[in-house]
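Just so it is clear, A, B, C and D label the chains in written order, and each chain counts residues from 1 on its own.
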Amino acid sequence: MVRVVILGQGYVGSIFALGVERIKTGELGYYGIPLQNELPIKVEDIEIVGSYDVDKNKIGKSLYEVVKNYWDDKIPEALKNIIVRKGIHLRSLRNLPIEAEGLEDEMSLKEAVEKLVEEWKKLDVDVIVNVCTTEAFVPFGNKEELIKAIENDERERLTATQVYAYAAALYAKERGGAAFVNAIPTLIANDPAFVELAKESNLVIFGDDGATGATPLTADILAHLAQRNRYVRDIAQFNIGGNTDFLALTDKERNKSKEFTKSSVVKDLLGYEAPHYIKPTGFLEPLGDKKFIAMHIEYVSFNGAVDELVITGRINDSPALAGLLVDLVRLGKMAVERKEFGTVYEVNAFYMKNPGPREKGNIPRIIAHEKMRMWAGLKPKWL
Amino acid sequence: MVRVVILGQGYVGSIFALGVERIKTGELGYYGIPLQNELPIKVEDIEIVGSYDVDKNKIGKSLYEVVKNYWDDKIPEALKNIIVRKGIHLRSLRNLPIEAEGLEDEMSLKEAVEKLVEEWKKLDVDVIVNVCTTEAFVPFGNKEELIKAIENDERERLTATQVYAYAAALYAKERGGAAFVNAIPTLIANDPAFVELAKESNLVIFGDDGATGATPLTADILAHLAQRNRYVRDIAQFNIGGNTDFLALTDKERNKSKEFTKSSVVKDLLGYEAPHYIKPTGFLEPLGDKKFIAMHIEYVSFNGAVDELVITGRINDSPALAGLLVDLVRLGKMAVERKEFGTVYEVNAFYMKNPGPREKGNIPRIIAHEKMRMWAGLKPKWL
Amino acid sequence: MVRVVILGQGYVGSIFALGVERIKTGELGYYGIPLQNELPIKVEDIEIVGSYDVDKNKIGKSLYEVVKNYWDDKIPEALKNIIVRKGIHLRSLRNLPIEAEGLEDEMSLKEAVEKLVEEWKKLDVDVIVNVCTTEAFVPFGNKEELIKAIENDERERLTATQVYAYAAALYAKERGGAAFVNAIPTLIANDPAFVELAKESNLVIFGDDGATGATPLTADILAHLAQRNRYVRDIAQFNIGGNTDFLALTDKERNKSKEFTKSSVVKDLLGYEAPHYIKPTGFLEPLGDKKFIAMHIEYVSFNGAVDELVITGRINDSPALAGLLVDLVRLGKMAVERKEFGTVYEVNAFYMKNPGPREKGNIPRIIAHEKMRMWAGLKPKWL
Amino acid sequence: MVRVVILGQGYVGSIFALGVERIKTGELGYYGIPLQNELPIKVEDIEIVGSYDVDKNKIGKSLYEVVKNYWDDKIPEALKNIIVRKGIHLRSLRNLPIEAEGLEDEMSLKEAVEKLVEEWKKLDVDVIVNVCTTEAFVPFGNKEELIKAIENDERERLTATQVYAYAAALYAKERGGAAFVNAIPTLIANDPAFVELAKESNLVIFGDDGATGATPLTADILAHLAQRNRYVRDIAQFNIGGNTDFLALTDKERNKSKEFTKSSVVKDLLGYEAPHYIKPTGFLEPLGDKKFIAMHIEYVSFNGAVDELVITGRINDSPALAGLLVDLVRLGKMAVERKEFGTVYEVNAFYMKNPGPREKGNIPRIIAHEKMRMWAGLKPKWL
């Protein structure tokens, strides 16, 4: 059994909850879950025990009600039992057409953190999954700064994710172990402040930014070119979608958070900084959750020949990430059982766009996958 | 030093010879050569000592003259010293607008083989590179059948490549070691007849069918999908080009040879036979050597979501393969020195579309690359 | 009111019948019908009164039952009233995994024709729509040859479409007017034999080959390039789909029929025969009715610059054609009322890939559309 | 003979000058020039008599020297005779890595205008072509405001193009006729202030923003969909390039100028405001003048079917526009001879992204082309 709490009950969190319950009722198979049912902890062992959001229209509703916004078909009854609780926003819905409401509107951040810890203790949570909206943020770098910011109620300095991760550390310390999966770009597994805190607090952190969409594919294609010693002249990558995340990214500051994690892959895999333009590009509502991607790569082959590749696609954003979460919550519990506190590069390198810790970079996902399997105690497929 | 003979002085063979010489004169770098200059044998150590063709317009001309057909710019003078000799055709230019002439027009196949062996001995060849036109062929399966076909001068049963490979075995036996690189689809490294013969004869065989173009990229993309447990519903892949190889493939029988090696990748990597259409599609002269590729892949992600990828590109066919040959001739000599006679899966798995021996299949190229590096005594990059 | 008979109750015929009835019940709008509801004859005035097929599994069933094969959702009850009758096959389902049965299995072609005419008279048909499977065929050229073939029961010489069109002429003559819409590649509106016969028989013919899919788009793109005097170096166009029509086209002879009508557009619009490869490429079942198209065009712009365009897409084959049929049956009745017997280029030039009569070619569809509107008595939009 | 002055000796102006001279020497044909040599004024009759720029590195150099920046091959000697003069910048190079210098640095705008008029009189200019960098601008709306701004030396209010167009009007008045071709987005032919001034001053204005690249193709594709009554759900269009124009467009204000003219096409052709994202997207230097475009269109066909088109391409930006200029300067002189002062919609509708006058919109280019031919006294091709 893995007891899971979801932070941010949007598209990803809802498809995750829906998919897990549909698998339990037998109407859905394991497609899109990298490790299928190979782990000792089964998909059917996942229990969603809590959910947090800051949208006034979601707080107090059941997951069943919330999932209706994202799914037209039948919804498992089990989701009626979980009620969305009030979380922390800290400007994270700024610029979005959503009325936000957070614990911090009624109390200090420190008190909000304590309230969360209390609730999680009651729910006996194993893994906390953070899928709230992309934030504009500044990493802390050292633990003391972070603690001070919480103590002094520095609301301008902190983001929701940073406060949640801090609460997770406190909770893990009291409980003797827990995991925090950060699937958004805010640096947590890449911020030494949080990694250090996690080690001391019996917290496992996985992060940062779930590796879905065009970026991991780009990673494997760049590795493909690098291994043939083709010189990449330039890379352009566009993304446009119609879900709330794309709407949020029309905000320049948030967009930068995303651009950063997306671009790091280029130098890590090619070994040089090929000129590139890799950014979430725009919001176009009718595309919905199924984004349109377009990528152009130009490279030099033998004898100076210049080749070109163009990749376009329609990709469902939220299911891709939700499928990864099904693994991550199970791996999170396993890491806690093994007491591998801090962050686990072997897991991050496959599942995260910007795998922590900070000093490690990207490797081709195809190789990362094999190493992750070995970490998880599974036989590699091709090594 | 690696002493190399080229069989089939067409586009690939010419760009290979040109590129190697341009590197020696310093006007070209190592792009497109997977192992760059990391091997103990340097690119500059490659010496092209002989060349064979069956086109009446090429036989007797210098490589310098022949390369002119494929390159507009300056050609290194060194290529003036190699004269194209008469090889074996055995219907291999049938249907092509080329007047063919072969040794077998004047003598028996057995005598032709002996003549080749004599010439190679004089040239003291280390590595024989086969880049003649795609053939319609039937593999032999056992060595005795092959030997009998040569003895009985069975011209309808044998292809040029099969005769060349047989001659290479005889030559290797007499000399005490040599390598044969089969860069075309005819099964050699995948035909137990040849692998057995090679083992007995101190011959190293690399093959079959150089892994360039859309297929290795498809392999890595399928591996990418497989590792995320996405269910591939269908794959369509088109190729169209304007070089002689595409013209040859308008012949149905030859096309089948190609389709076979291209399709094997699907089941090997996905683990199931996803419906696919993967074929060289047509000939369109103005495209020249820069083929147009288009690929469509549809797959199921988490919660039943259906995604689509489309990959298109313009890819220079011949330089891509020529760049691989620069490695293969050096690895061939290394394998001879190590006495790894027969065929070497570690090399084939990265460089060949249909890696021999027959009982082995495809693995993701990104992983194959690392294993190949280790075989070559180099540090893997990411493992 | 337009009384319509459908020949070939496959995907197109079924979506046509379904869509018309859904419009009548108010659950569907006019998208995909070029002239919407602008004509004096309304979409709601279309009455499907008969249907013919040669698939044993369809004959005798109601349209309601047949449409179920192509549509998952609710089907209007009205379709229960039309029963599929036995038509003519003449090898047209050869090579397809369908058990065929035709009138000609029990009687001579002449008798079959007479039977059809009798049935149509009872149904008081205005417009006969031919959407049977693509055929391998030879046009007749003159009327006498055609009549002789029917008289002599030359089953190898004739195709189903040719017999149907002949029957339509007989019927029109007896009734004093009717229309035959040929939406498949068999030359009818482009065969002088049929056009002459039609003129004498009070028959209106529209044809040949409904202009849907990639070809009309190619036409407009080529016109776009021609008007800027860009020199088209080459055009490659691939199509792959999973419906019965694509399966039928894996037959080489049928494929040629299609290739012919698809290619004619190049010279007509550019004024020169640019090298091209334009063919239905393959069958891939999971694609279903939603084909994948890919097109590559390379052209020379000012100062010798070379540009490239790549167009890919997923296009629902049958609804596109079905939408055109909604116009064509109405225009057919209008042409009968105006007594414009023979064939009507103004209609064909917009709606048909290969617009008859034979001596006329393709013009850009955007212009053809305006002229067609004027023929139909409507105001042009932009002229 | 048409005597031409170029304002802005960048990529477009240079390829225009180069191409015209190469045609005169016979080494280049007419590809990329829509009206080829069909007009009474021949391409060979174009005489470039003057050139203006504000880049310190260009002023005082010969066109021959400047063209070298954009062309590797042989340059006609004739270009040695034209020396680049100092023009007006008015912040137009702001944010670009170019040191700017303008007449207005030494005198008032009014004096600068007078200086220009004097120079043009000496050069006896027929047509002034404006191809300076995209500007952030505010249209004037009425003539008095414009005149006042010049009189009061309002440098913050005016852009280089506005001052040049004003000078052109003054010059045309004194000379009794001249033409001004505005190939950039600044509204001139769409600003009633300039159109009114032009009518009074014997000036012909063509504008605004030369119709090259993805936008006119989009226009024809949208017309294609509109004519089949397909409902466009959304349109995304990306452009990325490496020339100075793309660099300039990374400036938000300039980008808006471009977005405006690009987007107007949607409503004009579809008749409704389909959701769209159509913007120059980014700067990627290695792409050079050959931009990468990607477009995605999703639409509803008959019976509710949803289709998708994706168009990608590599397009040489400057030659495309330069080819149009070859027509525009000749049509400009023709319009002057016919005394059609003000602006000429028939010309603008084909050649301009945002065809003036303001009250007129876009029509499909394929139709606009035919009407333009008729205006030019040529036979339409297909009407």
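Throughout what follows, a residue touches a chain if its C-beta (ideal position, glycine included) is under 8 Å from a C-beta of that chain, and two chains touch if they have at least 3 such contacts.
Every value quoted in this text rests on a predicted model; they were computed, and no experiment measured them.
A.B. asks: If you check the contacts of chain A and chain D, which chains show up for both?
C.D. replies: Chains that touch both chain A and chain D, as defined above, do not exist here.
A.B. asks: Taking each chain's centre as the mean of its CA atoms, how far is chain A from chain C in angstrom?
C.D. replies: 51
A.B. asks: Quick one: report the Å distance separating chain B from chain C, using the average Cα coordinate of each chain.
C.D. replies: Chain centroid spacing, chain B to chain C, equals 46 Å.
A.B. asks: Could you give the separation in Å between the centres of chain A and chain B, each centre being the mean of its C-alpha atoms?
C.D. replies: Inter-chain centre distance comes to 44 Å.
A.B. asks: Where in chain D do residues touch two or more of the other chains?
C.D. replies: Expected reply: 308, 310, 312, 314.
A.B. asks: Show me, using the given definition of touch, all chain pairs that touch one another.
C.D. replies: Pairs flagged as touching, ordered by label: A-B, A-D, B-C, C-D.
A.B. asks: Taking the complex as given, what residues does chain D use to touch chain A?
C.D. replies: 233-234, 236, 238, 240, 275-277, 279, 281-287, 292, 294, 296, 298, 308, 310, 312, 314
A.B. asks: For a test of understanding, state which residues of chain D touch chain C in their complex under the given definition.
C.D. replies: On the chain D side, the touching residues are 15, 18-19, 22, 28, 30-36, 216-217, 220-221, 223-224, 226-231, 290, 300-316, 319-320, 322-324, 326, 350, 363-367, 369-370, 381-383.
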